[in-house]
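Note that subunit A is present in both complexes that follow, paired respectively with subunit B and with subunit C.
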Partner chain A sequence: MSNRMRHQTAGIKPSRSGWASPAALVGAVAVGLLLYFCVLPLALLVKHSFQGGDPFASYRLVASRAANWSALKGTLTVASGAAAIAFLLGVPLGWLVAATDLPGARSWRSLLALPYVVPAYIGAVGWTYLLSDRAGWLNRLLTEGLGAPALPVSIYSLEGIIFIEGVFFSPFVLMAVAEAVERIDPALEEAARVSGAGPVRVWLDVTWPMVRRAALGGALLAFLGTCASYGVPAVLGPSARPPVSVLTTRIKGYIDLHTTGGFRQATALSAVLLLAALAFPLAERTSGSDSRSAGSRPAGRKPVALGRWRTAALAGVGAVFGLTTFLPILALLISSLMENVGRGFSWENLSLVHYWVVLRRPEAGLALRNSFLLAASAATLAVGVGGTLALMQARGGLRWGWVLTPLAWLPYAAPGTVLAIGAILAYTGAWGINLYGTLWMLLAAYAAKYLALAYRMAAAGIEQVHPSMEEAARISGASRLRSILEVLVPMVRGHLVAAWFLVFMPSFGELTMSILLFGPDTPTLGTMLFELQSYEDPSAASVLAVLIVAVILLSNALVRRLSGGRYGI
Partner chain B sequence: MSTLELRALGRSYGTHAVVTGFDQKIASGEFVSFLGPSGCGKTTTLRMIAGLDEPTSGEVEIGGRLVSAPARGVFVAPEERRLGMVFQSYALWPHMTVGENVGYPLKLRGVSRQERDAAAARMLELVHLGGLGGRQPHQLSGGQQQRVALARALVMEPEVLLLDEPLSNLDAQLREELRFEIKDLQRRLGVTVVFVTHDQSEAMAMSDRIIVMREGRIRQVGPPAELYGHPADLFVAGFLGLANVLEGVVESSGSESCRVRLSGLAGQPVVDCRGAVAAGTRADIVIRPEHFEVAPGETTGLVSGKVTRVTFLGDRVDCRVASGGAELRLALAAGSAPCLGDTLALRARDAVAFAQGPRNG
Partner chain C sequence: MSSAAGGACLPRAAALCLLAGCLALFGCGEPKEPELWIYTSIYREVLDKLAPQAQAAMAGVKLRWYKAGSEEVAARITAELASGQTPADILMTADPFWYQALKEEGLLRPYRPPEASRVPPALTDPEGAYLTSRAAVMVIGYNAQVFSADQAPETFAELTQPRWQGKVVIGDPLKSGTALATVAMLSNKLGWDYFKALRASDVVVEGGNSAVLRRIETGDRPVGVLLLENLLKARENRSPVEIVYPRDGAVVIPSPIAIVAGTDQPVAAERFVRFVMSPEGQRAMVEGYMYPADPGIAGPKGSAPFTRLLAMGRCLDTKFVREMTAERETLKETFGQIMFE
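After this line comes the complex of A and B, so read on.
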């Protein structure tokens, strides 16, 4: 550790004319972008929420509305419920895939973590085909097929929202638990066995205490993630009886008023929601996800033999995966392929007509192009800026270098809704720059939001390269910039590629920020899907959902391929 | 090839001075070692020469060109210093072949690909790695990697070659082999070498001159034999070669020598020492293991002690002798090996006395 610290300061020093050098210029640009895109929006948001003669006027106004209190209650209820479900699913599953001889444990781990890369609102859309009041296929199966008394379970409900959020955030717990289990020295458990403890006792007395922290950290991440989530409550909440309202949907409602007063209340609510970001570093650290980019560790432990429980465990894991992840995605696929959803399942009803119709719409082409363009640009920008910042932090010998990390994390910790409101404040007129309704607006939000992912991955790569690698190039005659481009960058290429996809994937299907920032000429797949789903054409929506899932899964497969299975899900 | 001059060079981190007042001229074609315990500032000094670290005071001049002088606002970037450097970790670039590694400094200077390849092949030949240019660095052994690093450092015929503990990651046999190879290369190419090591045998085997450092300061400079025979202080004496460090009271003193009665040893040992220390004061005495001899029969004025360990080393015998509370280390000729438990009377052929001052460390 002390060695690393030393290298940070003993690294390459700027020459006397340092500020004019190309490398310093690149660094200055990166810091400028960081401040403008990551810090400014959130700073303006907080400032704006306190504006006016009485600085607390907006807050007072917000607090005087019962609807806001019920939204807060909704957020807390959904988030607590989802965190509990994520915990209950993630702990046993994480342990099963990491510690036991479950058949196909590695593949199950990837499959069960899939919701990590697939946007939750897409799951929600999938579930609407399965469990909407009367028309849902599962409901029909229960009532018509099995002749059960009409007992329709509706996904349009508080419980439905909680269920989907819990499922989609369970990978946070699962991965935290799996990695914590792998970190345990097997000798500790073996020692307990030798001391006379049975397998259950060992689990309770040795394994669990060492996994608990990570599991709770994962659950806290699930809680915060659900607080920030917009898509699922927006898809399901309004049609629930009684309607479910949460802070994010409430903020969107205020924005939709298109009034100054509405906007001020939105900023006040956003500032309240921003408080969630405070708990984020704690959640990251305890769940151990801040060290995740180090890649998977070599498995040195002997798997726990499940014995006669093996088949039962396999069935359980399969059922969980099938019911939580596979089924809704399958439902989307099927509904996108059904010519007429009302006509039920039959070969004659199968067709590609919706794909044809959707893709021929000019708006769809535009949305597809926008989403690709935005996700690719955001990924490139985030890798460029994040990589530069990580480099400055590791090698710049800067006394203030440590502030870069929290600043880069700020937008990631902040709920997307909040960041988007900040972006509206920052880029619509401030300093003569108005990006409203342009792709730049979305690009700024995406790149800022996911900068941290690229930053962390790049930092992990740089950490593995000893500074003497670049120093050897300097001595050989390379300028600082050249030593970075020709020596460091090729050496961390794998990390940079992984970082690019880590930003590309969530950006491609992004909804939360896009819904607040898109304009008539800048629809994205996410916003278009959302509008089709809410207002006109669920079949078309499922076509887009299938497209998004396919692109994301393809990207994920590509990352795994390129990194030899070290990155991706 | 060129000279290297360090003038009052200093580096501190805040108030913590790591290198202080480092003053030294190194001649063209000279092989100089920085020798000292770990953390004494050798690497820092080397990095200041290389331009990888900036001095906080003093000046560096390479071949008559001022390259670092903070007081005058001069700092020449490392890439413009025309140096070769070998790092402790080799620092071979894993994304380039061995040949590309060696040719990279030429590439940076705009040399064509063909010429580069030819020069790299020539250099690899020189370090006995002919034909391995197409390999990846990780396919080579540690010793081979070190040779590649050496070839890369030498390929553009640098003015000065800097080596930072280049052998410390190798096993003993390879270390010895490479010592001579480096020395041989240096003689053939006539390059000025600064060699950093904490291993005194390495420094003594290779250097024209050794600069002994401690806590960021130069303690003594000179050819290996001079440092060994005439250490300037107890630290240098102890750091170069094995030494028995004893204490005594000076009985009489001349201009260049003194006679000291050793304390804490059995017998009534009195030795004649080099070094003038005032009569009546206490002195530290250094006696090299090979300077003890066994005196059969006599006892007066000699150390007496009991042999506690005998290690046969082929050409000589390493003995431990307990005398009073102290343990002495002796290197005796192989033929005259005593037996375990023998009582010996010992005489010192050579000893050096140092006045006992307020000790620093």
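After this line comes the complex of A and C, so read on.
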């Protein structure tokens, strides 16, 4: 209360406006960062695709290849399948953990976000231990142990790729739905119930319309993320029968030709993915209703009683978690403890040697520090810039504001390799600054790549707060900046924290961009992982994956404990 | 309201701390002595031994290492050159075709130190634009839990036989430079029909050599074509794999070292090349289970003599590399069409 009194007395001075105001300055900085770090590298790449005698030669060449068209088809199939899986998993789970009296709901919420913590291609490696054609542990259990006919499920398949990508991106939908559910005014559902609607009816008519936008937005995010992903299709696609080819693996193939022509064709093909990014905000805009609450998280929300379904729901959530998340992580853990995966399960094969190999590396501590620092900084930067852009969008103030959304999406839709090459073109001195070989280079790439996630999460939060709240503060004399920092930010806190984690987690184990951008003094967990995966026994890479999961779980638990449960995933 | 405003302090304070932390930790000091940048794909084991030795031999110059896969190094150099310049002074990776292409574009600075005279002439570029510093060898590996030595395949050619249907794994030339070199050699000697037959017998194409090794180890595909060094290392780590030197010739792939034409440290770069080609530098290669380019220095423990492998005639000598460099784009395309479409 005293706080508020102070505001009122301090706020009598006239609020400044126009270009000189602090709020406008913050906005200008955010737009500047967006243009310099998200648009410039990709613009330079696209410029490359038009070079040569005939500007459209690379495009014509790319379009003339049947393989590229089947790769486009592959990308669309995998991405829509993955989006569907993310949606089907995320909506019920998000609702269960946020709205009901599911036992241990808060812990489930953290656990179900785990697939996103493990880099997707490492998850894919975990699955190959379980479900590779003949040697997969689960497959052998089914055929040799239980005498099932020789019909093993192979993770090396189109379905396998879709499944892993869908599970990996399901936390997008889950987190968005959970956050939206918590914002529903319980009075609405109560009113429906009092009017005689059954629980299913209440869900369909009241709850669903309020979470639809969040759920579809999350699924679209999964779609776009899958389009740009390289690791999983690269690990599983070539050995699938029939082989699965997607745009990102084709693009990498062109880059790996190391010829001028190959490079141009890679950029031309990447431009197709960038177009998807430009279309994304349009798709999202048309995806649902608009629900706004006047306040922050409504008070007095009582969890929906599941009644006799409580046990069934718990069993269902447990089964989904076990099958999609626990099993592959367990497989990674087991393989990290095997001296050699070839010798199978035996006490004699149990060993900590891979942990020793990883931890005794002189750069292990430095890599951990770098990754933690980079991920935390990238997350903070992305939330700051993304939040500012979202606010400018939501509260008007810029005539060309609508242009910003598609621009923020560009790096997210670009394959990591392409973005990294763009960063090398842009930040090695030719365009103002030279970030070469420093952590700044990695920071710029991470923050740019995942800016869209922070932007979208923040936008979803801001949309739900009616501008009247800040207006009230401004009428009381607070400056624009102050009304935002002290009124709006606390209200969208949950969204901002979720946004922070959405950027932190993939940055922590990021590999594709890091491997091209790191310098001699800037190893990261991702570059270490690459080295271990490509030369050491792959079990050593499992060690790092296990360590990444452990670090994220621990820091999440720590943050939640220190903040009394208010922050964290 | 006051509690909400109080809650906002935590993220703001956290953000400020993070920013301050970043500024303190990200900063990069000005280099004091001249730096030599080496881009390389050599293995950690080799680098751990080579880097301190090289640094000791090169007083007054700070050695800076960028270590990644051959493909990543090439992608990075391509992007750097497109942006105007590269900080790299020395390149030391596994893909000989790339060096030939760089040489043809005039991007390498010729240098042939006296130490290089011990390298067989077949592995020496006549203009000295790049040198062979070590050699990788592509062989057949098999899982000894699945096959005994007398059941194992003896040649590359026989892998298309029905006996090996569904049992073979090979590397992907689109992802691995050594797999590309192998496809170049085998398609040249055995024709593309060889790969069509492999596809028909349900061969699996995996990414790099370690992925191939894992398929063999788990028994998923108990026979595979991969690098000797991976097998030697795995055997040392008690993996159930065994080595076959194919009777129709293990594929010998020279790994070059070269000086970048635009280097601002030509003298230091030449000193470094001399060190790598010296007996001390060459012996470090053996740590990574690779053959030194100097046949006078013994190869890795438990391996066949280098001269015997060279005599089998499946070596990517400079003549072969020169002829195939222009073809590698078509090679990848053709391979992709056969295996992935």
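Here is the rule we go by: the second predicted complex is superposed on the first by the 311 of 569 C-alpha atoms of A that agree within 3 Å, B and C clash if a C-alpha of one lies under 4 Å from a C-alpha of the other, contacts with A are read in each partner's own complex, and residues count from 1 in each chain.
Just so we're on the same page, contacts are C-beta pairs under 8 Å (C-beta built on N, C-alpha and C of every residue); 3 or more make two chains touch, one makes a residue touch a chain.
Keep in mind that what you see is a predicted model, and the values were worked out from it rather than measured.
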Contacts of A:Ala472 with subunit B and subunit C, given as first, second, both or neither: first
Contacts of A:Met491 with subunit B and subunit C, given as first, second, both or neither: both
Subunit B versus subunit C as contact partner of A:Leu511, first or second or both or neither: neither
Subunit B versus subunit C as contact partner of A:Ser245, first or second or both or neither: second
Subunit B versus subunit C as contact partner of A:Leu337, first or second or both or neither: neither
Which of subunit B and subunit C A:Thr428 touches, first, second, both or neither: second
Winner by number of subunit A residues touched, once subunit B and subunit C are compared: C
Contacts of A:His258 with subunit B and subunit C, given as first, second, both or neither: second
First, second, both or neither for A:Leu443, with subunit B first and subunit C second: second
Set of subunit A residues, in rising order, touched by both subunit B and subunit C: 490-491, 493
Subunit C to subunit A touching residues, read off their complex: 1-2, 4-8, 10-12, 14-15, 18-19, 21-22, 25-26, 28, 43-44, 64-69, 71-72, 74-76, 78-80, 82-85, 87, 98, 101, 143, 145, 172, 174-175, 202, 204-208, 210-211, 214-220, 230, 234, 237-241, 328-329, 332, 336-337, 339-341
Subunit B - residues contacting subunit A, complex: 13, 47, 50-54, 73-81, 83-85, 87-89, 91, 93-95, 104-105, 108-109, 149, 152-153, 156, 162
Subunit B contact footprint on subunit A (complex, rising order): 9-10, 12-13, 15-16, 466, 468-469, 471-480, 482, 487, 490-491, 493
Contact footprint of subunit C on subunit A as seen in their complex: 1-4, 48, 66-67, 70, 129, 132-136, 234-235, 238-239, 241, 243, 245, 252-253, 255-259, 261-263, 296, 339-343, 369, 373, 376-377, 380, 384, 417, 420-421, 424-426, 428-430, 436-440, 443, 485-486, 489-491, 493, 496-497, 515-516, 518-520, 527, 530-531, 533-538, 563, 566-567
